[in-house]
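Think of it as A, B, C and D in the order they're written, each chain with its own count starting at 1.
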Amino acid sequence: MVFKTEPFILNLGPIHPSTHGVFRMRVVVDGEVITDIEPVFGYLHRGIEKLAENKTYKQIIPLTDRMDYVAAMNNNLAYAITVEKLAGIEVPERAEYIRVIMSELQRIVSHLIGIGSFFNDMGTFFTPFVYMFTGKEKITDLLEMVSGQRLLHNYMRFGGVSGDLPPEFLPALRKFLREMPPEIDMYDRLLKENEIVLARSKNVGILTREMAINASASGPVLRASGVKRDMRKADPYSVYDRFDFDVPVACNGDCYDRYQVRIEEMRQSIRIIEQAAAGIPEGEVINPVPLRFQPPAGEVYGFIEGSKGELGFHIVSDGSARPYRLHVRAPSLINLTALKNMLTGWKVADVMVIFGSIDICLGEVDR
Amino acid sequence: MTETLLITVSARPETSSEFWLHLLLFGLGIIIVLLTSVMLFIWLERRLIGRFQLRPGPNRAGPFGLLQPLADVIKVLTKEDIIPNRADKIIFWVAPVVSLAPVILILAVVPIADSVLLADLNIGVLYVIAISSIVSLGVFMAGWASYNKYSMISAMRSVAQLVSYEMPLILSMAGVVILAGSLSLNDIVKAQSIPFIILQPAGFFVFFIASLAEINRTPFDLLEAESELVAGYNIEYSGMKFATFYLAEYCEAVVFSALAATLFFGGWQGPWLPPIIWLLLKTVLVFSFIVWIRATLPRLRIDQVMNFAWKFLLPLAILNLLITGLSVSLWPEAPLWITGIASLVLLVVYVLFWSKFFKPGGKTVAV
Amino acid sequence: MEIKSQQSSMNIDLHEGRLIEELKRSSCEMMPEPSEWLDEEIKRNIIVSTVDKLLNWGRKTSLWTETAFTACCTFEFISLSSPRFDIARFGMEVLRSSPRHADLIITAGTLTWKMAPQIKRIYDQMAEPKWVIAMGSCGISGGIFADSYSVVPGYNRILPVDVYIPGCPPRPEALMAGIERLRKKIEKKSFTKVD
Amino acid sequence: MTTTMKGKQVFDMLKGELASAIVEVQDECLVVKPAKLTEVAGFIKHTQGLEFDYLSSATGIDYPDYFEVVYLFYSLEKNHRFTLRIRCADKADPVAPSLTCLWMGADLQEREIYDLLGIKFSGHPLLKRIFMWEGFEGHPLRKDFKNGF
């Protein structure tokens, strides 16, 4: 006897516990197996690029905060670097070091949240997530100390940062650096050898090397597929060329590898922060720009290695105080290009795991 | 005083009127005690999970937050009762009852002291197995009647899971029955001069895992898979009907804990304390273990759940039954610990063998 | 066997677009706040019965939150449920993803017009009694995105909001204070008397 | 350090028909005729010494006279970057060829440009609105679009 089955459309999202915000996937399932998937974007499209055209360069900084809201510092940094490139602004040495420290702290936050929600999607009852959040709160404290905000920091300025480090920051940072590595090891140990985690993530959602390059994936997703590309090494910005760190690369491109790459990247971030905290020079933290800031006309593309991938800003300036066009190369959006290829053939339960392992931030996907 | 009352009520009824009185009072007693103690168990679970997640858990409503479940009950019972327009109304109504009633019925054969039970059936174990599988029917009805795709998938999963895990559950109970020489739960408890967990570690292992699947707890909580199916079969239920499901779920957990305590931990037997306290303590112990698992482990995928049942649990249960049967029939006068050691060796060898065989391991991240 | 996914998905999109346009047209006005909050003076004169007290105690003690979070403020809400601020003490750690089980919808984040029908639908699906907390500037008025073409200027265009919590994003402490305000509000409601 | 390929350098490697597809040689980029974009892009992807195998970003810009689409390419092997531009002079109905046949990564970015700027990409497998809903009037990032609710 031959059973006849009929495919049906299962709608996941936009409000769904594990779409990390308001993402929607129209999945065609045959029983539990996915035969087709169509991602639907735009539920958080706030028109940041259009709003930016009506704001002065400085007013755009808060907008960039709200793009990738778990990595606000990184967005600030990418935007500031782009405008500095456009206007040829020099950044004082101390500010560069502060930027590196902040950016790496923020990367750890982003990865902690990414890993935590990855395990949530896998079905643990919030416990790893809660553990990651205790680690995240420590960093939040540090970032709050310098910027006064817990989540959207709005800290970077053109030519430096908005304020110097408070005197209690460096001791607190050193304490954090002592506490964090054992904690990362704990997260790793807790979950690395868990048979269920292995069974759910090993060889699941494989993104091959060729596919990853062809689909313009970047960040941990690309590196988990075996491409050793990190903008901090490939094209060092800020003062990253002075630090000694490694780029973790995995070879299989499955969910487990993406998770492991993130864990390893957190360790490397700790290494960078240690070196930066040791070598931080004294001096000015900002090279002020005029109040009525008008960069020269021109076109510039600036980028950093954000926590989700290559985060780039493309600015077209017509010489006025407002940008003519501002475009964001959003790694979260572009990493989703290969989603269909990664998901087809897997089961409904795997959708969450694979989607979680890409680790997107909806604010950045839709902007 | 309660104890004497219980004993007068429950001493084996001789006359017809005594029988009815016994049935009425004891039945009522079971329902009241179960429903109130389930609230305690809900509180226990939330507090315990809170502890596992580095926080105190609910502690504002009443002393130690003990009244928290009461508040939940009051709130849920007074909420609006929604029946979806396209639901199958009658089945939608009946489903919660079908899933709660059998759970309470199971307690009829669980002894709370020597011969203190509602009905000392000489086919007690058979009765438990027969009744407990009705619960899944209720789940299936709910999922099917709700006219919701998520609940539909959940219903399908529930049936698949039931069919797979009933088998190892029964076979693991058969080992106990062989050792005790009776199907009556009262006799099984009395036969446990040594708790059967020592004589039947492999049997307990299979029983515990299979009952986790029976009561839909992590890592087999595919029916309610929060991160995939949003809320599973009870997604469309609100108000009192949802409360019934919620209650049924916890009742099942409590009842199966009590069953595990009865079958493997010597039930009400224990020194010094009154028997009912011993039973309660053992139930709490097993229940806490279930909560521990819930707070720690991720969820399995549906095909992995099936594989696990048929390829791992079923052979182990059969082997365990074989060893127990052989030791009892071939060498009846052998000391009991021989069976225990044989079962333990079987468990260890089997688990090691399979974990070697099924290892989903691979390369780690290269730096 | 194969669903013509492209064609059918286009139809779904067109239908969705129509819904959005319809909602956009019909929500030019701000929704008034639920009445019992406004005429506090009258409410104070009603003698709240014991039954009310019990019901209100149950309702305010177990506020189950719907996981309908849209943007940045989500992380401050999660911080609130993490061990440091620990909302679980108030029995609020139960996050229900199904709107049928939830009592409270915390609108954490910017609402876009594309999202608005979904949020409205979720609110409609929730069982009475239900409450809404507008969290953050975007939830109150659209915040810094207020003049964007795709952002709803405040949740009160589509939902009756009970409590507003300002901030971008509000700190967890502020959110906790807002929840405390909501609990006070619930206490005042009388169920036995119909006015 | 990623080096930036000079427009002249790349132009010199283009031969025959492809060279005639170039409208303008700028310092760090080439402006290509829209119709010939896929050929030129295919050439720089597969040619020894260029090997631009990674399409980093695609941006659409609304200039007063024309629409411009900027493609940024990387070569992961050689670690250099290069920019191609196309200009669609027809402001009423701009059409550009899709690069999805060469790079999957162009998929979502081209949909984004189509949605926000209204440039149609011929050959795109699923060209429909990505951020705005179907039935939304206008394309928000055009300069004549009036922002606001």
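One rule holds for everything that comes next: a residue touches a chain if its C-beta (ideal position, glycine included) is under 8 Å from a C-beta of that chain, and two chains touch if they have at least 3 such contacts.
Because the structure is a prediction, the values reported are computed rather than measured.
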Exercise for review: Determine the set of chains touching chain A that also touch chain B.
Suggested key: C
Review point. Taking each chain's centre as the mean of its Cα atoms, which chain lies farthest from chain C?
Key: D
Check your understanding: Which chain has its C-alpha centre closest to the mean of all protein C-alpha atoms shown?
Key -> A
**Study point:** Between C-D and A-D, the pair with more C-beta contacts
**Key:** A-D
Study note, to complete from the structure: Rounded to the nearest Å, the gap separating the Cα centres of chain A and chain D is 25
Point to revise | Distance between the centres, which are taken as Cα means, of chain D and chain B, whole angstrom | key: 61
Exercise for review: Starting from the mean Cα coordinates of chain C and chain D, work out the distance between those two points in Å.
Suggested key: 43
Practice item. List the centre-to-centre spacing of chain A and chain C in whole Å, with centres computed as mean CA coordinates. Key: 28
Practice item. Note the residues in chain D that touch 2 or more other chains, in rising order. Key: 129, 131-133, 140, 145, 147
Point to revise | Junction residues of chain C - those touching two or more other chains | key: 13, 83, 97, 114, 147-151
Exercise for review: Would you give the residues of chain A that are in contact with at least 2 other chains, written as numbers and ranges?
Suggested key: 8, 16-17, 42, 45, 47, 50-51, 54, 130, 134
Exercise for review: Please categorise the chain-chain contact pattern as a line, ring, star, complete graph or other.
Suggested key: other
Check your understanding: Hey, which chains are touching each other here?
Key -> A-B, A-C, A-D, B-C, C-D
Point to revise | Touching residues on chain C, where the partner in the complex is chain D | key: 6, 10, 13-14, 16-18, 20-21, 113-114, 142, 146-153
**Study point:** Residues of chain A that touch chain B when the two form their complex
**Key:** 8, 10-11, 16-18, 32, 119-127, 130-131, 134, 194-200, 202-203, 246-252, 256-257, 260-261, 263-264, 268, 347-352
Point to revise | Complex contacts: residues of chain A adjacent to chain D | key: 41-42, 45, 47, 49-51, 54, 211, 213-218, 227, 229, 234-236, 299, 301, 310, 312, 314, 316, 324-325, 327, 329, 333-334, 336-338, 366-367
Review point. What part of chain C is in contact with chain B in the complex they form?
Key: 54-55, 57-59, 61-62, 83, 86, 88-91, 93, 96-98, 100-101, 103, 125, 127-129, 191
Check your understanding: In the complex of these two chains, what residues of chain D are touching chain A?
Key -> 1-2, 53-57, 59-62, 70, 72, 76, 79, 83, 103-109, 112, 116, 129-133, 140-141, 145, 147
